[in-house]
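Note that chain A is present in both complexes that follow, paired respectively with chain B and with chain C.
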Partner chain A sequence: MSYSDLPGAKLRVGAFARGLALGVASVAAVGFGAHSAQAETRGYAVSWFYMAAESQPDDCPEGTNMLSEPMARKIMTDLGKTPAEIEAAFKDYPSNMYGQVVMRGKVNGKPANIYTNPTSEPDPMVKTAKGHVAYGFNLDGKDGPNDFVDPQTGEHGVDDMAYRALGCFITQRASGGQRPTWPAIEWDTTRDQMPAWIIEISGIERDANGKVKDGDVKVGFYRATTPVTRNAAGDPQADMSFTVDTNPRMQNVVHATLHNGTLTTDPFEFYMIQDPFAVAEYHFKQTRVRLTLNDDGTLKGVLGGYQPWLPVYESFAVGGPVNELNLSVDAAGIYYALKKLADAYPDASGQNQYISASYWIEAVPGFISHPNAEKTSMVVGPVKLAAAR
Partner chain B sequence: MTGKGMMRRLALCGAVAALCLTGFTGQSKADGDAAGQVAMRRLTQDQYKQIINDIFGPTVTLGGRFEPDLRDSGLLAVGAAQVSVTAAGLEQYDLMARSIATQVVDEKHRPLLVGCKPASETAPDDACSKAFLSKVGKLLYRRPLTQHELDAEVAAANAATVKTGSFYNGLGLSLAGMLEAPEFLFRQEAVEPDPDHAGAYRLDAYSKASRLSFFLWNAAPDPELLAAAQNGDLNSSSGLKKQVDRLMASPRLEAGVRAFFGDMLAFDGFSTLAKDTTLYPKFTSQVLRDAQEQTMRTIVDHLLVQKADYRDLFTTNKTFLTPLLASIYKVQASFPEGVQDPWVAFEYPADVPQAGILTEASFVGLHSHPGRSSATIRGKALRTVLLCQKVPDPPGNVNFNLVQDTNNPNYKTARQRLEAHRTQPSCAGCHKIMDPVGLAMENFDTIGGFRTTENGAPIDASGELDGAKFSDVAGLGKAVHDNPAATACIVNRVYEFGAGHAPNKSETEWVRGTLAKDFASGGYKFTDLLKDVATSDVFYRASAPQTGALDTPKAKLASDVTGNQEVQK
Partner chain C sequence: MGLKTALAIGVVAVVVVGGGLYLVNQHKATVSSPIVARLSTPPGVTFQKVKVGTVTAIPGSSSDQQAQLTVYADAKGLTLYTFDKDTPGKSACTSDECVKAWPILAASADAKPVDDWSIVTRDDGSKQWALKGKPLYTFVKDQKFGDYTGDGVAKLWHMALLEPAADMQLPIGVDVAEVNEANGQTLVDSRSMPLYAYDGDVSGGKVDCDKGPCGPQWKPLLTGQLANNLGDFSVVSRADGIQQWAFQGHPLFTYGGDLDIGDANGVDADKHFQIAQIEKYFIPPEVKVLPNERKGGLLADANGKTLYARDRVRFDGTGGHAARGADRGVPMLGVTIGTSGCDVECAKDWHPLIASADAKPSGYWSLMKRDDGAQQWAYQGYALYSYSGDRKPGDMIGQDTYTLMVTDGEKIADARHGMGLYWRTTSP
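On to the complex of A and B.
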């Protein structure tokens, strides 16, 4: 329990000295809808956001995709390098290899950058996951042969074709609550620089014992104006104060239902800026989120939705050979897999532009203030996405 | 190092040791109660840094490490009169001196800092050396150099110039020697007969200027104050008052106030403070710095900006926060964007239990164990630091097992553990004066985070301080506010800080009488207290020189030779 939990406590910032002009920020007792004035508003800072995986031993029946070294040997062989040349290149692997794998594509018979032209080589037919266990939501209301069962909720018909496309790369695999290597690295690398993602849940009511009551709440997903700060353990510091960035591209407010301490949102569209190192801009359609309010004050749950598949490819391609040869991923193979397995929102040609995906969200408590409440809109505007190739 | 340099250092080491062994107090035991002591105090780290910054500017950097200061009678300022320089410490002073001197005479700094140009850069130049060394020497020694000192420094510079073939190297070596000299490293106070009181003594004008400047600014006298000492103004009431008013009107007063409270609140303890970051991952080195600064900002704002009642420091709900501190206290605050390490003013609601600086991380965190709070340590700190009361050390055969075991299901809270511990008769006596105070702060964990339970059991923060009972930490703050010992303590500490010693009998009469009463009648305004001390005769009184003591104060100053004029610049 903190100061803000004390009955009637309403902490305020005052400009009492040296002319410091500060905004007013309240913590507790924020009313929402039909709830009483005692309803709470709780703030959180997202500590982790990464593609979810609950990999099964048998979901890659043909084995996982090649590790970096054999993949590099294959690339070199396909490029017509002699065994001697390949061995020479491996003397300082992978540094010696970076430059050679970049231009392995062919456009009009000339070498082409494979990352900016993923179709400049034939589909390498990477292995894709065949299992049926994945976190997420049944986004389309159907239960087809490609769908999954959520191990946490038991929900059938879960749509997560992104896992199917990527789940046989070892750095995308994880189970037992572990974070998959590459998505975790992506987030961990970017969160020090990028403004924090923050979540605000308002309308929480508690019973006489302090237990969260079932009912309606409002959930806001925003970006803050400042990054998270790491604590002595290297994790995001809890209970920091954040101010909402009023950029309308990062205002996502949605109704949710609380049941047994876990909220589930209505479907909504989700927009958020991350960092060009990872997925520069997230956009999910038909988004569903479930979040559990843990007793230690933290928050953890799953976001599922349809996201454009091209930015997912770009998040692998942006690192070029460094990503490929250190993370054991095949960028062009990922391009083809995502494109083939994309399952929603076709363009005029019939090619689906969006792919279902699921992400874990972990968050620590924080304080959130809205500097220009009147400008904070529940309506989000269209986001310019790169045209799909 | 040259042979000459080594010889010079050895001579210095011997000189310092000799000075420290004699104490250079000029005081005989017989008249110790009749007048104020004079002292020879080693510069603190902050004072050393400030002096170098004031004379040579911020672009001259310091290397090396300082010897630890000594706390005596509750203050480092008093301990500074009890310390010497060890051989290892001298090595560090030597490193710093040579580093500073090298920078001062390098091509980048010499046009501004040396000020004059030699006729030849490869040959001695008496005029330029004398101009520079007399000017800088006066600021370093806080008095004009004696003619003998100046001649010796110029001769040393000349000899080093011949040896090195460089005027600036020679000048730098002479400057380095001055930076290692006891006249710089120690604040030597000299006495003279008091013409207004036959048979009595007082600090001489330069010593008076130093005591005043270090008291209010924690820095050496500036040229204007030295001029007031030289022309005798400082020995008149009006001249002294004029200088005190000037010093107190300066922004540099904040540095003096910070130095005093940093000393009184024992902030030097932060240099070795550690917390178990597995249990308290919020505690980082930045939090440690912010915690000290928070209390300093609270004090400076309260006492200097608002000019509010000193006692309200224990009840005020106003403070300053950084983002990290706000997270420690679990409160929400808005911070300006794009500002590195931003600070904002913050006001707690009146009904939130807190007690001004008592519940800031600098107090509850500094006086705690690495992995858990300590009602006993906090209670002792409150009594010794803020009330100037004495708490005996624990006996040597204490069994702490019961207190240290925070996982014992039978004793979930610190109160329960201490109640069990107090059943040992040898412990009960002291704990009953510490624990009822410290337990009131149990709502704050070892890093200052607020909590209402410990191990799931509710925390009872009630207690008692010298007869005043309270139910929570806010009540403790009120009890400290109303306790006469709190104001008596600050009055005493301020005097000790300035004088460098605990007040003797005659000083005590004035401190506890006139000074304390004026402080109370003026509404406990801290700046009034500073001014009363700084303008009083008592503060500058001195006992008769001790027979056999070093006679440096009576050495012939260069200014005396030149008819009370400064040595030619």
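On to the complex of A and C.
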């Protein structure tokens, strides 16, 4: 009895043939069609997000702002302390001075908390950056005297008044692609606990050589439900899995154009929560983002937009004297500088509430799952802005 | 039969009979009625956390080690004390001088004894609450909650501490601890994971489960091979060779779905398992606890809507704001903020958790008077609200919404609000 005589043999042979054909077709599809026909979706976890700086040797022509100790001496002198009292306070610097620094403001002759009442002392006129090199975007379409040139793209008219306000504090300065000290500390301190920021790029197509093709893509910036995990080197571990937090406040989805491996988004509103140790809530208007898809799988680029300046002040002031006397920052001076240099969205009095700013984004590959696909495609603005009273 | 032979037979008989009785005893797994947790506080009695000690170095290195204790307090949050000269059910603090310095914790006319809480009738006929028979007092020098200036006075007055395991005998590896999601004091294993009591007999090595196989999720709490019964704990010898602890006759298990301290995901996971709770905290009828892996339990209103507190933006040098179990607020700060954290405009989106007119503070729950005369529930010092933007149970859309309040002019900023306020979810 031959095989074909067995009960059901023809049926099985037919099924085998169909399976074989399907398998060959699948292999062919993968081998020949993947680069051209199927669009990719790539996920990333943000490993770094920090205020961008490309400090120049001459962009603070009067020098940088005072370091902590001379600033503390000046504060104590302004408070009417005698040299002996000042020296006594310096015996256990800075902890011996924290209490005195806090109440250095004056409102109607009464001592006031300088951090919650920053205008309770006269404008200390901190030094601001005068240079013309900064990362970012020309957000307003103009090229004015306060604008910058992006050293990476050569774009003129770049708006980054936050760098102008803060760029002469040493902990905000960096060049050559380095991270400024304090913004890096802010991110590094908070990222172990805060839910990760994640990015999803969909619609990526590749040519027959595997090279990313120019074209349209969709970019989503979300918050995850869990933090990043660090690897043995202390950096965020690549290829970890994240679930999108369905909170509609943090669904930032925007169209972008890919060109030569770098995507640039259309203008959009960006909202994200970080931590009050740094900036508690980020909200950018007229946001632009450019991100380069690096060959090693990582992502790096710049976010530029207008953000409320008060939360930026808060990020320096919430730590009070601990920040001032350890980071060489003058909280009240920063308040005045941000307020003066704010360049968008005036309130009824004409005072601008937003300031142009640029941030670096660095990200490592990750897997992203959406618990509710319908919701995560929504574009929803922030529930509420942080606002001055 | 010689003396030695008789002695040997006697010894063998004792060993056989004694051993047999021991084994019989060990195999007992008598299932009694369900474990009933005691109520921690009657109406009018609250908890407060107090910080004691000054030494922060090396735990256990000093008798003055810094620690946080939970004390019983009156409805205003003032620490309660016991007096060593009192006898069970009888107050010895009767002189005018004593009563003036140590005001009694008066029981209202309609107060009823419950569990460890009894009502003492004083010599003047007034009623006073007593805990385990010990009458309770406040101290005149305590001004705010968290004060405990009366502790140790004359070496006779002591803070009334929450010590649910004080009268219990506990096997090694078993403790009693606060389990957030269970809202009470619960038996826990050496990892501080809650224990669950099984309602059946496991001596045959089998465990019935309502939903699927038991093995992967419910793990027996093993004893040492030489363990003996201890207090309410007994040893169950199972046919599979395992010796397992039982509490009040109920074999004890851990639940595989509990992954972090404070989890109680085994509650309602299977009808045969009940969390082994010793004391149950008061919770208002308008409130429930929802499990939440990111927060370790969420307080929610009767409709399941997340309950929020409006807290002051604070500097946290560790950046741990979003961590599970972090960001629980400072009760005194919550009291200071009171209901001022949400004005009329705010109340359009944030709805106060209103208590009934006859509600009374208890446990971690207190009441705040609103401008319109209504009472609002507060938890661990913070007034509670739900958010109109939340649509379904478990939503936390309002979490981390900030309003910065820095002044720019001649008006000094409201010190109660610091640099600003933000909304945070609340957890038990």
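As a working rule, the second predicted complex is superposed on the first by the 346 of 389 C-alpha atoms of A that agree within 3 Å, B and C clash if a C-alpha of one lies under 4 Å from a C-alpha of the other, contacts with A are read in each partner's own complex, and residues count from 1 in each chain.
In this section, a residue touches a chain if its C-beta (ideal position, glycine included) is under 8 Å from a C-beta of that chain, and two chains touch if they have at least 3 such contacts.
Every value quoted in this text rests on a predicted model; they were computed, and no experiment measured them.
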First (chain B), second (chain C), both or neither touched by A:273: second
Partner chain in contact with A:369 - chain B first, chain C second, else both or neither: first
Partner chain(s) touched by A:233 [first = chain B, second = chain C, both, neither]: first
First (chain B), second (chain C), both or neither touched by A:225: both
Contacts of A:306 with chain B and chain C, given as first, second, both or neither: neither
Which of chain B and chain C A:243 touches, first, second, both or neither: first
Overlapping contact positions on chain A, where the chain C interface meets the chain B interface: 225
Complex contacts: residues of chain A adjacent to chain B: 1-6, 8-18, 20, 22-23, 25-27, 225-226, 229, 231-233, 235, 237-241, 243, 367, 369, 371
Touching residues on chain C, where the partner in the complex is chain A: 294, 313-323, 326, 389, 396-413, 415, 418-420, 422
Complex interface listing, chain A residues touching chain C: 107-108, 110, 112-113, 115-120, 186, 189-195, 225, 227, 247-249, 273, 275-278, 280-281, 310-311, 313-314, 317-320, 322, 335, 339, 383-384, 386-389
List of chain B residues in touch with chain A within their complex: 277-278, 280-284, 301, 305-306, 318, 323-324, 326-335, 337, 344-349, 351-352, 449-453
